[in-house]
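The chains carry the letters A, B, C and D, assigned in the order they are written, with residues numbered from 1 in each.
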Amino acid sequence: MTEPEQGAVVLWLSSRYENIELVQAALGHVCRLRGIDGEMEHWIGMALREAVANAIRHGNRLDPQKRVLVSFGGDGDVLELTVGDEGDGFDPGRISDPLAPENQMKTSGRGIFYIRTFMDEVSFSRGEKGGTILTMKKDLKTRIAGKGEQ
Amino acid sequence: MTEPEQGAVVLWLSSRYENIELVQAALGHVCRLRGIDGEMEHWIGMALREAVANAIRHGNRLDPQKRVLVSFGGDGDVLELTVGDEGDGFDPGRISDPLAPENQMKTSGRGIFYIRTFMDEVSFSRGEKGGTILTMKKDLKTRIAGKGEQ
Amino acid sequence: MGKDFGIRMNGDVKVIELKGKITIGSGDLKMRETIHQALGDGTKKILIDMAGVSTIDSSGVGELVGCYTTATHKGAKLKLMNLPNKIQDVLTVTQLITVFDVYSSEAEAVASFG
Amino acid sequence: MGKDFGIRMNGDVKVIELKGKITIGSGDLKMRETIHQALGDGTKKILIDMAGVSTIDSSGVGELVGCYTTATHKGAKLKLMNLPNKIQDVLTVTQLITVFDVYSSEAEAVASFG
């Protein structure tokens, strides 16, 4: 991973699920600094937890030597979160739809769906040395956080 | 600043005093993961806050474009904290003694003294691109945290 | 993470009180263990009290679905009650709200088992 | 950070109740402002209640020393009471405990002003 250009707060974490709690705490801190309310923070947190869990599990395969990078940035109206890992990358076009009837009773496969539901803009890219970089944006002007289509 | 080699948790923060609270939260997280009790956490936190405040104020001169790097590492018996800034560096040999009678009523000059009092090993070095890297170690086997000579 | 979920009987219904975060690496496995244990003694009626749950991530939701399936295979019924708004929202967007029987009062839930 | 410190009179002694973190960029300046304001109306007796203070960093301690000096210059007395252990420890290692008059009860502190 290279030095991220943006993000007022950047965390590098070893690949342990416990570190998701630190990411959540950092999000809380950033939300307080930026005046983002608890309701919106909750839904952004749901997305961010999934992204970090995926980076730890699928990206870094729980190898504690591998890092997850989480960056909090964006300007006044947009919160931009980036989650990077040191894994092999994957094809996000091949994710199955958890709402399809045949997937409804599956015990997994809802993480990226959570992310897409609770954030406004989601994109995946490849890091320089492989690995996945997930960029998520949340429009802070919309009043109701994330619940989207409801 | 270059990629830190060690530290299970690394934070890069813009130079704002508010970010000291995030460093404190990260310390709390690391202490919980490593079984460090609240008493010891308190004194380590006192030292860490001073180090970060110095990096923000004296190192980066409150320039929000400049980063402070905080790394939490060490093995089972030692907690090793590193605080780096992008400032001009300074000569730690020229710090005045806040216990000297002529300094007793000064309104500043106690930060590094706090750090040296509450941590077991403290060293300053220069970063590759200038700037100060402060490395602090706390021996986790000693029962009473930091209050040292008392 | 050391936390335990409460279990109590209401008549012949086993009520499991989840609390806190049902999330990857902590609450999710604990929940599965607790429900599997509850099913182990042949219980046929399980009611999960979600009132104390603050967050359920996709792993938690996945485990809950898995427990539902396990219960069904064992001829048991697994129902939910007291969903906090945020948990209700998550089950709604994942369209699992239609899979689970959900009640807003314990009396109603217990009666529904018949 | 929006928090306010309580101020009340006990006879002719102005009691300032600090709380939370007296640290760089938040509590330190707030404390200075509050004490300077208190001194502004000619008050000669200021008693700082530290009971609610959780942390005081070197900036907070520096500000406290500065306020002490300001008070002295204005012919006022500034004393401290109800130091939590951790705050007492900090004033001890910085050897400021000998500079400040410190009391463990308000009655005693108020009486000491004479």
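Here is the rule we use: a contact is a pair of C-beta atoms (placed from the backbone, for glycine too) under 8 Å apart; a residue touches a chain by one contact, two chains touch by 3 or more.
Only a predicted model underlies this, so the values are computations on that prediction, with no experimental measurement involved.
**Q** From chain C, what is the lowest number of touch steps before chain D is reached?
**A** 3
**Q** Using the average of all C-alpha atoms in each chain as its centre, how far is it in Å between chain B and chain C?
**A** The answer is 45 Å.
**Q** Take the average of all CA coordinates in chain A, do the same for chain B, and state the distance between these two points in whole angstrom.
**A** Centre separation, chain A to chain B: 29 Å.
**Q** Which residues belonging to chain A are in contact with no fewer than two other chains?
**A** In chain A, 18 touch at least two other chains.
**Q** Can you name every pair of chains that touch?
**A** Between chains, contact exists in these pairs: A-B, A-C, B-D.
**Q** Which chain B residues qualify as touching chain D in the complex?
**A** 17-18, 20, 42, 45-46, 49-50, 53, 57, 98-99, 104-111, 113-114, 117, 147-148, 150
**Q** Under the touch definition given earlier, write down the residues of chain A that touch chain B in their complex.
**A** Touching chain B: residues 1, 3-4, 7-14, 16, 18-19, 21-22, 25-26, 29, 33, 64 of chain A.
**Q** Residue numbers of chain C touching chain A in their complex, please.
**A** 23-26, 55, 57-59, 61-63, 65-66, 68-69, 86, 89-90, 92-96, 99
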